[in-house]
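To start, the structure under review is shown below, and the notes come after it.
Every chain is named by a letter (A, B, C, D and E) in the order it is written, and numbering of its residues begins at 1.
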Amino acid sequence: MPDGINGGPDDGPALSVEGVSKNFGGVRAVAGVSTAVRKGEIFAIIGPNGAGKTTLLNMVSGFYKPDEGAILFRDRDIGRLKPNEIAELGIARTFQNIALFRGLTVLDNLMLGRHVRLKSGVFSSLLYWGPAQKEEIRHRRRCEEIIDFLKLSDLRKTPAGALAYGLQKRVELGRALASDPTLLLLDEPMAGMNQEEKEDMVRYVLDVSIEWGTTIVLIEHDMGVVMDISDRVAVLDMGEKISEGTPDEVRADPKVIQAYLGTAH
Amino acid sequence: MADFHWGFFLELVVSGVLIGLMYSLIALGFVLIYKSTDAINFAQGEFVMIAGIIVGACMASYGLPLWLAIALSVGFMVVFNVGLERTVLRPMIGRPIVAIIMATIGLAALLRGAGPFFFGSGTRALNLPIDDAPIIIGDHFIYLNPIHLLGAVAAVLFLLGFGWFFLKSRKGVAMRAVADSHQVSMAMGINVQRYFALAWVMAGVVAALGGVIWGSLLGVDTQLAVIGLKVFPVVILGGLDSIVGVIVGGIIVGVVENLAAGYLDPMVGGGTKDFTPYVLMILMLMFKPYGLFGKPIIERI
Amino acid sequence: MFHRESGYYKTTYKGDMALYPLPVGRWSVALIGVLFLVIVPLFLDPYYLSILCLIAIAIVGALGLNILLGYTGQISIGHAAFMSVGAYTAANLITKLDWPFWLAVPSGGIMAAAIGVLVGIPSLRIKGLYLAIATLAAQFIIEWVINHTPAISGGVQASIEVPRPVVFGETLDREIELYYFLMAFAVIAIVATMNLVRSRVGRAFIAIRDQDIAAEIIGINVFRYKLYAFAISSFYAGVAGVLYTYYLSIANYEQFLIVVSIDYLAMVIIGGLGSVLGSVFGAIFVTLLPVVIRIFMDTFGAFFFDPVILAQVTAQFRLILFGALIMFFLVVEPEGLNRLWLNIRNYFRIWPFSY
Amino acid sequence: MADARTVPALLLGNVETRPQKPAIREKLYGIWETWDWQGYADNVRACALGLRARGFGKGDKLAVIGDNRPHLYWAQLAAMCLGGSAVPVYQDSIARELAFVLNHAEAKVVVAEDQEQADKILSIREDMPALELLVYSDPRGMLDYDEDILVAFSDLQDEGRAAEGDFEALCREVAPGDIGLICYTSGTTGQPKGVLLSHENLVRTAEIYCKAEDVREGDDYLAYLPMAWVGDSLYGLCAALMVGSTINCPESPETLRRDLRELSPMGIIAPPRMWETMLSDILVRANDSSALKRRVFAYFRNVAEQVETCRVEDRDIPSGLRLRYRLGEFLVYGPVRDQLGFRRTRWALTGGAPLGPDTFRFFRSFGVNLKQVYGSTEVTGVISVQPDGQANPDTVGPVCDGVTVRIADTGEILVKSPGVFNGYYKAEEATQEAFDEEGWFRTGDAGLMDDRGHIVVIDRAKDVGQLSDGSAYAPQFVENKLKFSPYISEAVSFGDKRPFICAMIAIDLNTVGNWAERQALAYTNYMDLSQKPEIYELVRSEIERINRGLPEASRVKRFLLLGKDLDADDAEITRTRKLRRSFIADKYADVIEAFYSGGTSVELRTAVTFEDGREAFIDNRMQIQDAA
Amino acid sequence: MRRLDKLLFGAGLALAAAGAATSAGAAEIVIGLQCDRTGPTQIVGTHLCPGYHDYVSLVNSRGGIEGHTIKTIEVDHEYKVPAGVEAYALHKKEGAVLISLYGTPHTQALTQKLTEDKIPGTSPGFGTAAAANGENFPYIFPIAASYWSQAAAGLEYARTQLGGDLKGKKIAYIYYDNPAGREPLPVLHKLRDELGFELTEFAVPPPGIEMSAQVLDITRRYRADFVLSHLFGRAPSVSMKEFKRAGYPLEKVLGFVWAASEADIAAAGGFDRVEGYSAMQFAGVGSDYPVLDEIRAMYEADGKDVPEVMASTVYYNRGVFVAAIHLKAIENAIKAKGSADITGEDVKNGFEQISGFTLGGLVPPLEITGFDHEGGGWVQVFQVKDAKFVPVTDWFQGYRGAVVELLKEDASRQ
């Protein structure tokens, strides 16, 4: 496992979350969570169902606004930004329930993932020939590299909705990668996959981390996978962070064991 | 504005309230369907029209008594709406709302052709046994229009009836469950499709009654369908899924229309009557899209 | 059986992303081009040309609505109102400032786009039914404003007569000249739409339609793009309105009432949502439907109906069929005529196989 | 100008005569990226100089492993230009095989396509003392490898571009007699042998081939056959260099059929298996289509058959039939060819093994100019090609210009040609055995010349045996007849010194599976399907049909259906899908015993090797049945 | 795919059928008839067009005009302008020498084309009032009282009802809030200034199904002495009921020509409920005209029932009226030309010679000239009395001078 690369010198966090809380009509989904994700690492967030993992991720990607606290990305509070502004800063994510553009081809899904890197406006789009075309070609190339990377080349012109579940998840990863993110948020990337698909996905996640040095935050239920690939793990329970550390540290933490066995409280 | 008469103002308001309640009656059918099936019925006006035409045709062409004509019309609407739900709306469950809107727009066109095709294109009178003479109360110039009064009373009775139905009766409670979540209801063993059909049946009955009341006001032919356009401001102002909202929305629309015609028209020299509720509606959409009594929809990823 | 696609490999992305990457596509387009630009106008009676003119205008309008409804998923029941905005804008500019067509047409479009953006603003917060009703309200409000503003409508009659367009010093007053004039705009609209939907902006539209939340999270400014969609859609509508004005020599708000909006919705749905070709099919279909029914009833109607009531039945029959077709397509073939065409094309594309 | 009889000379010639013409393409990132001859040569140059800087020189061996990629071709050429030899190896070889070949060849440099191949090489690095450099062309996943021998192809080229050196001069130093290519034949017995092919062999044979077959400048050639096969070097690399045609590398093995359709090469070479798969694919698809399409297809297939019969029998085609054939060309043949990717194809070759006459006729009747070619690694691939108009399924055509063939008294085919090799690498004895006393190369094939002077290949000479009653028994002949059945994928026959012929048969999972589906026959896997009584019945009827077309002595009397297809990974067949008879005879000794002892079933313990190298045993009781 | 096989076959059949549906060549005189049998104003089209057809059939059954049959090609345009334009192109292709238009927007849209193609079109009782000026609109023939003439006549009638003088009287003008509804305003304003009465306008926005506020205003705040009601579609019947319910005497309400048909009365609840309501008509109302007897006789001779639509005399009679004027113009044209080979221009001239053609009282004493295409702006007021329409005036014109002045003013503005 590529510990050597990710455990490199720490020059400030890629993402830090400071005392973030979120309430939904009186229910405290996330309560004062603070943590920091280092550059280039694979950071897993685990916890029982309803622990607030996805809510936290949703706040980072801007879908929810935190009620309290700050989310710092590149020394900038992004807690109040709109999702599309956050995406422009270089944060990409995948969804727990696949949210592909089903009618579009795999390639178009990736091109959409690259939306923030393109500049064409309405007029050049209507005209097409000229700058818009040049831009399309330039970025198509990059998307093709990702298609090649994810071994999707024989599917590039297949509508995403027609693909098998595992492949759709892969395409979604591709769509997130297409924006050349510096921070990649993966919400249960392996959920619902069979063993083989999981292994493939693990491979791709690791390759992304290695090849491009992308910082990866992932939520995952498969403990085996989490412990295998993450550099560090944070554990949430009932909206609060109860533990954080390397996989081994977390595994040994009695609070984590309690939360998972449900004996506490 | 120079000469403001309280009496005139009151008359406008009172007649607006009555008319508004009659609008509510039409809008009720719309809300019933939306509340229980999430479907949007742009053909509500055409339902009213077809029901009215049937009553008119039964009475004029076959000389049936009013009650029998109404019964036949209600019967037809029930059968028609059950068939409609089976063939058109059920296959469209789960499709985008836009598709259902368009389907009912298509249905509206079909009904506008089918009404005269089957029942003749002439205009017929639909006279209720009510005197036209105004009821003038006291010496305050307040006058009540008997047919408006009847319509308003019928509307209120209906609205109260449905309010009770949804709150108290078992079927009504089940329907509300269906409206809240189709999946959950199915899991609870509620036959969702039966309740969908029931909603359409109830909408058909309401439309039939609306057809009688509005038909007696306007006469019956395809033109009766234009009443359907009044539905939208009513439901948007009141809230799409609220029966109280329908009453309040209807009253707002009726009163605002009347006040606009009474006070705004002379100032701008144009018919602002139908236009003001729409402006009001737009404002409502901008600032409180789910209406006065509607539930907002929460989005999730 | 005519289709050949092997051996046309692409060595550049430009070639791969061409509108018609295969010669069979290019040849078909060329053939249709020759048919409609040379053969049809030479051999057809002006009556048929007039139908084609109406179709050409309808294509522009339908494409606009399809961009909004079919590609971006935002419903509008006020499309005809945007057409009237374009029509009156151009009519005023033409009669008061003597503007030539090449200024008047885009101006009408731009004014309609501006109003369209205004109407689209609620789309930030509302969707589906609410938006449908908001656009319906826009239809009524625009109608009312035009109707009650003599400065726009040109007086009590709310109609402004405009002279025929002048192109290269030639006044277009023959049907065939107008045909070319209108066809040119239809072609421009088709090509522009195809370009739009295959590039960045169009993809963003589709993303909003398919998954608006995901679209926002991958970095699409959903609100801005919805407004773009409204603007572009209304621009097309406005241009279609100007074209009507030129074709009829008059701007009159009564030709842009809500029934026209519904006709356009029908075109887009019957033709196929989210398909350029579908809009063309839809425009042809809805324009021709009454004509075909009339021809059919003139020919065969007497077998079924008493001649005394035939005309009456024909008219009602058309309405019934119109409504039934909309419902049919929505229930049975939601992808519309375009899907039928694709099925036919695929039938031959994979001939003699089935996959 | 360098001596024109070397590969580098051809390369330089192309740069001179057609620098801007396309030389090689790769379907990469969704499009066919193209290099012209100038760019092609520049890449070879950079690679060569890079290798030279790393100490690669005359007589050194460079192995390439991977799917057909421009980089790997360039690497081979670079080795040749430096006076070294290229050793292409099968990309799907398992580590053990690879270790033998690379070690035997003393490969100094290995160019691997990607991480997968590089991993394989690294896993056997210890066994290869000669290995100095491992070049990888696809850097994907290679970032955290720190082995000292690793270098990226692009880095190597950069080094080459930076290095001093006169590439043209180096090329000129290459002599025609230098060994340019070492092809390891996947011997059907024992270990593979390295066939030494000189530049002269390559160039002259390419010349012969290009004269015999219509290869033109600008033609597209789809390079999808294994690079280790001599044909890829000759029909692809060398022929392209000879006439200036273009090599096209498909995107990946999975996309081959689509890439073929996209490209539609002017000429294609494919093994019989591929033609057979294509045919069954066509028939299945035709069968699955709508009634109208099915009828049209069946009708015009019949028309085509009639026309083809006329052609074969040299009769005039009746004008009515001719007209219908023309219509069929529009309605069926043209579209079918387009579907397969043969729209532009002028000729198509099959070789290496006999092709079923039905398949052969089908393609010919549908307008694919399918012909047979005959050759072997030891003669650089070409002995005979059927010229246009003389194609038939029974012969392999007349001997090419420049090649001489003689049939020995033993019936063995003997060859002399400029392509005859320079011996097996480090196998003096074997080399000796390969030639007779007059210096003719012994092909090892038994055959004869028909009256038109076409070669007819019967079987491997050493395999031809006798039944116990003395009648001749050519196993491959029998097996081929069996394999012509669409339901049979592989067959192994026994009969030498036995009273009658028996056969082990591997069913074709595709066609039989399809058949089972149509019969509503449920099955779980290959094993389950193969042991169904219905399938036995199906195959029996097939065998009986085939038997009727065979002389009494060659008829199959008993058979068994194998529970799995024969597999190169299990060493039952070679990578070019030739049977390894002695291995099979050992492995299936029980079966043979049961065949002749009259048993009706046999317990079969099969050792299977999984893709990851693990081995397992599967026990199954297999039935043996009689065929009339 | 199997489905598609059938579909293709079906498409082939349909094409073959379309090919068969070509029209036969016509030696007849062709008239284009635009109708509105569906759409918002269908109540008109469904009654007027049968009347038109019946009169043409009557003439044809008698051997046509000077021995030439008349062929009418009807197109229903659903009150949509594009469909109307398409219909016009069809009529032009079929060689129509005269177009019967329907719909104000359609008339406006086609005015320029008609003028260019020199084909006269008629717009009886609707369209631009200024088109009555034949010098300005050579090919548009209102042939009946325009909105201006109707307004003037309405005031004239009000004058007689209010004791012979309008000065100081309160007149309410309740109108449909669309261009057609506003069209009479110039005349009303001009005459208000000249005659010194008080005028208040009440707009009813389409579709006008609810106007209690306006009626309340007229009756209880403004307290009008007389009401001119210019409404369309469903609105007239609503207005009748509202006035009745407001206790306003219906005798003091005068409808314009589109505000009182049998259908409107029926919609308002029937003749017995709107006793006293009166309206202007540009063609005779009731069954009591010789030409109607002849049509009935024609049906009876064919052994057919007399069609129901004939009972709806307001629109049916208008259909007969329009057809009669049309055929008269054609007759004039043929007589002038001496052959049936007439053009639109000939028919235009034919119109301009119509004079004294009253058809037993169904048609007003029109006098169409090169200047006056409405033929004088004649109306007759019919009132609901004893459950039927009863004429309460003879054919009359109102303030003709003022209307002509306006026509000339309009022409000078162009």
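As a convention for this text, contacts are C-beta pairs under 8 Å (C-beta built on N, C-alpha and C of every residue); 3 or more make two chains touch, one makes a residue touch a chain.
Quantities reported herein were computed from a predicted structural model and do not represent experimental measurements.
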Those chains which touch chain E and also touch chain B
C
Relative to the centroid of every protein C-alpha atom displayed, which chain's own C-alpha centroid is closest?
C
If we define chain centres by averaging CA atoms, which chain lands farthest from chain D? Would you check?
E
Where the CA atoms of chain C average out and where those of chain D average out, how many Å apart are those spots?
57
In whole angstrom, what separates the CA-based centres of chain A and chain E?
71
Whole-Å separation of chain centres (CA-atom averages), chain A against chain B
49
Roughly how many whole angstrom separate the Cα centroids of chain A and chain D?
46
Mind pulling the residue numbers of chain C that touch at least two other chains?
12-13, 144, 147, 213, 217, 312, 316, 318-319, 354
So which stretches of chain E touch two or more other chains?
1, 4, 37-38, 42, 46, 177, 205
Touching at least two other chains at once: which residues of chain B meet that condition?
112-113, 116, 121, 269-272, 274-275, 301
Quick one: in the complex, what on chain A touches chain D?
2, 4-5, 107, 140-141, 144-145, 147-149, 153-154, 156, 207, 210-211
As the complex stands, chain E meets chain B at residues 37-38, 40, 42-43, 46, 177, 200-207, 209-214, 216-217, 220-221, 233-234, 237-238, 241, 244-247, 263-264, 266-270, 273, 308, 312
Write out the stretch or stretches of chain E touching chain C in their complex.
1, 4, 7-8, 17-18, 20-21, 23, 35, 37-39, 42, 46, 49-50, 53, 74-76, 78-83, 85-86, 88-90, 92-93, 104-105, 108-113, 116, 128, 177-179, 182-183, 185-186, 205, 304, 307
Contacting residues of chain D [partner chain A, same complex]
28-30, 140-141, 143-144, 251-252, 254-255, 258
Considering the complex alone, what residue numbers of chain C touch chain A?
12-14, 17, 192, 195-196, 198-204, 206-207, 210-211, 213-222, 228, 231-232, 274
